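Next come two complexes, and both contain chain A; in the first it sits with chain B, in the second with chain C.
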Partner chain A sequence: MSAMTLSPAWRVTAHVALLMVCFAIIGPMLLVVGTSLKPDNEIFSPLPFPVSPTLDNYAAILGDAAFRTYLWNSTGTTLLRVAGQLVLCVLAAYAFARFRFPGHNALFFLVLGAMMIPPQLTMIPNYILIADLGWFDTWTGIIVPNLAMPFGTFLLRQHMLAFPRELFDAAEVDGAGPWRQLWLVLIPNLRPALGALAIVLFIEAWNEYFWPLLISETDRSATLQIGLRGFLNEETGDEFGKLMAGVTLASLPALAIFFAFQRQVMQTFVSSGLKG
Partner chain B sequence: MGEVNLSGVAKRFGETVAVEALDLSIDDGEFVVLVGPSGCGKTTTLRMVAGLEEVSAGTIRLAGEDVTARRARERDIAMVFQNYALYPHMTVAENVGFALRMKGFSAADRAARIARAAELMGLSDLLARFPRQLSGGQRQRVAVCRAIVREPAVFLFDEPLSNLDAQLRVSARTEIRALQSELNTTSVYVTHDQVEAMTMADRIVVMHQGRVQQIADPVTLYEAPANTFVAAFIGSPAMNIVTATHDGEQLKVPGGALAAAPAASVGVRPEHLTPGEADGAFVLSGSVHLSETLGGETLVHLKPDDGAHVWQVRLPGHPRLTTGDALTVSAPLAHVHLFDEAGTRIGTAA
Partner chain C sequence: MVPVTAAEAPRTRPRLWARLAAVREETALPLLFLSPTILLLGVFVYWPLLYTVYLSFVDWNFVADSKDFVGFENYSGILGSTLFNDAARNTLLYVVGSIPLKVLLPIPIAIGIWGLSQRMGDIYKTIIFLPTLISFVVVAIAFSWLLNPFMGIIGEMLRLVGLRMPAVFSDADLALWGILGISTWKIIGFNTLLYLAGLATINRDYVEAMRVDGASDGSIFRHLIWPMLTPTTFFVAIATVIFSLQQVFTPIDVLTQGGPSNSTTNLFYMVYQYAFVTFNVGFGSAGTVMLFALMIIVTLLKVKAFERWVHYQ
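Our next item is the complex of A and B:
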């Protein structure tokens, strides 16, 4: 198949359009980084970048005990949530891909259906449930309602269905039961897909704002995304420099992980669509 | 001991009958080949013996024990799969030792048995490699090595040579047969290749549409096929099977006639037809329609003047025959098979 060719005029137009889209995405990010490097007297200057760059905002925010607590809460809740999601996704996907049981199709239909339900719809019932369980303002309250991940289950099921059935048969003949087939044969071969899913889940959990906002009340459970609001204060004045430094620091893990593994993420999602 | 006994074993997938009431007894140390065209039920039968497929009816006994309800991992069997089914994330040594690990063998015992099996299969230098680093032939040897390391009561082979090239297939089948003789382990081998079946088996089970057509040793299958299906399936090129009519005295076929009892069809193997007329033989005459050189032999397509059927004649060497040449061939009556309306063999014309 020959590559699609564009006329020079169209090519220039396309490049201009793409540059505008890129700027729309990168512009605010550059503004955040620029502001984080500005001293207090330049915060409201019209220039996007500092005249006298300083790391004072970073030093101040990293020395702030509350910020360190938010960082700890974010890291802890994110890692536990992702680990829990992966375990549940693997087990559910394995059941759907490997076994036939009464209600198999109906249950899988429910999983697919759950993917279509907007989270805003379940937020209030979940909020009431969490309050009734006494999990308000706890890590448990932030983590548990997000453990079930229909999309992850669907993605892993597709990968498992593409896994050669003969390998399960060979493992069965070799003496491995379903659990050992899962942990010793399937999971080691599913690492790329699991890695990609873990990255997506990590970024989603790390950037989560609305649910922790509902559940957190004190520094006991507040994550970075919630804690950063503390720098917007009507009484003491907004601390935009620290806020932007915090936003920059909060973005780093997600950005670093995505840039390091973006090829793997893309391949996994493309291949799951092709193989299923 | 590794006797295998199948009694009334059947398999149905919904309305489809994959295997119909199969009775088969395999002696300890015997090499039995299940052969037949695609979809005949041979792999399903093997998978039922392995415990990978539930039976719809009947019982399976291994070494005298009823294992019908047991899972594959609870049966003392090892299996070589068509695509080898080597675990891609494990080295050759780990692949070979996986079953031993599942059985709880110590690391030292595992290493000793892996080394012994690898030496037997000529894989000692490849133990640290991953399957992706092996050729097709090496993978096939690893798959066999994985089966023998367990020293099971029964080996099951599911078309293990079908992914190899023709040359490697010939050497691999000799190796498997020699290995089986050396270990004297009961083996059930599935293939659609009748040459593989003929060269390897102590006994062959010919299957068609889920039914056993004949169970016999290779020579018996060749010399006395039970019906037209077996007659046509066993032997290459296939037996000439031609519809016959009886005029009260003679059995007539396109190109010839013979004094024989009434039969619906007559079968003669191409290699049993030789040039010239012999006394008391079944004589055919016609003209050469096509001549194919097979190497040391020539396959001549003989078209009789009085019929549309073309007989295949396998002649030694390279006879100088061109299309249109007149040719007369004959076969001893002992090699002329007679079949009834249902395709069942009546006997020979002798």
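Our next item is the complex of A and C:
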């Protein structure tokens, strides 16, 4: 389908304007990647691209033990957090979508309400609590407070409500209890929604800055976002190539996942913006 | 692992499940499923809100043994402080500056994408969406180098044509606009997508029909597109206000820490500064309570806007 709704004159204008916008978006990215590929003696050249491209900066940043630690902390905390979030979201959404129980609406309201509360409003008591629990500067401290995910619960509940009731009934006639209905009927059919949610949760967790900023202190738990910011502060000017290689590497996972699953990701992102 | 169900093999069903089923499957089971989520939200979202209210009435620095009750002193202290004054003014500037850049600018972009062929539109859309995926820390670091007056590449390029790059993030008159600029770069694609979701509800046959009737582009925009986009615009505006309050925390912290001389701090960053830079828990908490009241108002507006939008669709 190619429904064009602009008249030819406007179409040309639109192309020109959109190319300019795209240039403004892509330009800074290309400059960053270009710099990351420059050898030391070209770092301060005004050319956007390296004359003799090299991967030296990537070798340098990956050779940095601190960077590798941050990468490991980011990978570990992100994967564990997303896995936990998915499990809790599925269970909570299933409870809301499939059962009527006393307090159903009140609890649902409680979950929805939490979606509207930004982490900055709860940071002081949470910081105190994490310190009291001895979770300061640990993976646990980074992961656990983020495990409940109101938006994900809401999204999955919507998908489950749209699920044909007859399939549950058929499963029940076959003698499947609530657990089997969840694992054998619902989950396999929800795979696309779960996949899209997992991607959005991954990107969100990978890019998270605020909470780790409060409770990460050392290499024990500092993530890439915290580590890169530290590199920027130490940066004296002779290692911009390395820093740009670092931020490029840090952005790759989210971009790679996006290009693999574009359509679902954009849709889920939009709905997360509508609710969050 | 799939637990064995009663119907299939009642005798092997684990005892806990049997007991719960006996209590009442329809009630106990969903509450069990919900318990981790509810527990975590209670501990890490709702309880902290209440505890913050308590802390807003005491004088404390995170480590002292006693928390002295000081009544409303923290509130009056904040309201009388220069930091609050500056943060409130900057918050207003961020919001006012965001409207043309993040709320209005995406409208023609979205209409352009929507009006072109699907293939080209998708390419533009994908490119414009990319900054949404990149962390704000990375964006801030990248721009701090790009715009670095001494070593950044844009400075070097400007030098070639005889221009001098200003020190954007260390100039009290420029820093806020620099942060506004990079947060526009980051959010514009996302807001464009929201408008595209609104445009998707317009039946393209109407456009064709209007054109056959001899309607100009201008009148198609005025009579068909704009009325359909009004609720979206309202919604995007409020979502952007929340974003401008809350998300610019990261670029502020990475690039300026609120400075130079409070020129980039906003209300959210102010709360962080009180609590975690000067360790004044009372001021930080009192600021949080005031922000919470503000957020409730803005959020109610957002819910209203969303309902109107859904109603249109």
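Throughout what follows, the second predicted complex is superposed on the first by the 253 of 276 C-alpha atoms of A that agree within 3 Å, B and C clash if a C-alpha of one lies under 4 Å from a C-alpha of the other, contacts with A are read in each partner's own complex, and residues count from 1 in each chain.
In this text, a contact is a pair of C-beta atoms (placed from the backbone, for glycine too) under 8 Å apart; a residue touches a chain by one contact, two chains touch by 3 or more.
If you're wondering where the values come from, they're calculated on a predicted model, not measured in any experiment.
Colleague: Between chain B (first) and chain C (second), which does A:188 come into contact with in this model arrangement: first, second, both, or neither?
Modeller: first
Colleague: With the two structures laid over each other on chain A, which partner does A:6 touch: chain B (first), chain C (second), both, or neither?
Modeller: In the superposed model, A:6 contacts chain C only, not chain B.
Colleague: Contact-wise, after the overlay, does A:126 reach chain B, chain C, both or neither (first, second, both, neither)?
Modeller: After superposing on A, A:126 lies in contact with chain C but is clear of chain B.
Colleague: Kindly classify A:49 by the partners it touches after superposition: chain B alone (first), chain C alone (second), both, or neither?
Modeller: Neither partner.
Colleague: Count the residues of chain A touched by chain B and by chain C, then name the partner with the higher count.
Modeller: C
Colleague: After the superposition on A, what does A:163 contact: first (chain B), second (chain C), both or neither?
Modeller: neither
Colleague: Using the touch definition from the top, say if A:176 reaches chain B (first), chain C (second), both or neither.
Modeller: So A:176 meets both chain B and chain C here.
Colleague: Based on the superposed arrangement, let me know which partner A:210 touches: chain B (first), chain C (second), both, or neither?
Modeller: Touch partner of A:210: chain C, not chain B.
Colleague: Where on chain A do the contacts from chain B and from chain C line up?
Modeller: Residues common to the chain A contacts of chain C and of chain B are 175-177, 180, 184, listed in rising order.
Colleague: Please name which positions on chain B make contact with chain A in the complex.
Modeller: 50-52, 71-73, 77-79, 81-83, 85-89, 98-99, 102-103, 146
Colleague: Which residues, counting only chain A, touch chain C once they are in their complex?
Modeller: 1-7, 10-11, 14-15, 17-18, 21-22, 24-26, 28-29, 31-32, 35, 43-46, 48, 88-89, 91-92, 94-96, 98-104, 107, 110-111, 114, 116-118, 120-129, 144-145, 147-148, 150, 153, 175-180, 183-184, 203, 206-207, 209-210, 213-214, 225, 228-229, 232, 237, 240, 243-244, 247, 250-251, 254-255, 258, 262, 266, 269-270, 273-274
Colleague: Spell out the part of chain C that touches chain A in their complex, as residue ranges.
Modeller: Within the complex, chain C touches chain A at residues 2-3, 5-8, 25-27, 29-31, 33-34, 36-38, 40-41, 43-49, 51-52, 55, 62, 108-109, 111-120, 124-138, 141-146, 150-151, 153-154, 156-157, 159-160, 185, 188-190, 193-194, 197, 204, 207-208, 211, 217, 235, 239, 242, 246, 249-250, 253-254, 268, 271-272, 275-276, 281, 284-285, 288, 291-292, 295, 299, 306.
Colleague: Help me check something: in the complex, which residues belonging to chain A touch chain B?
Modeller: Touch residues, chain A against chain B: 164, 166-167, 169-177, 180, 184-185, 188-189.
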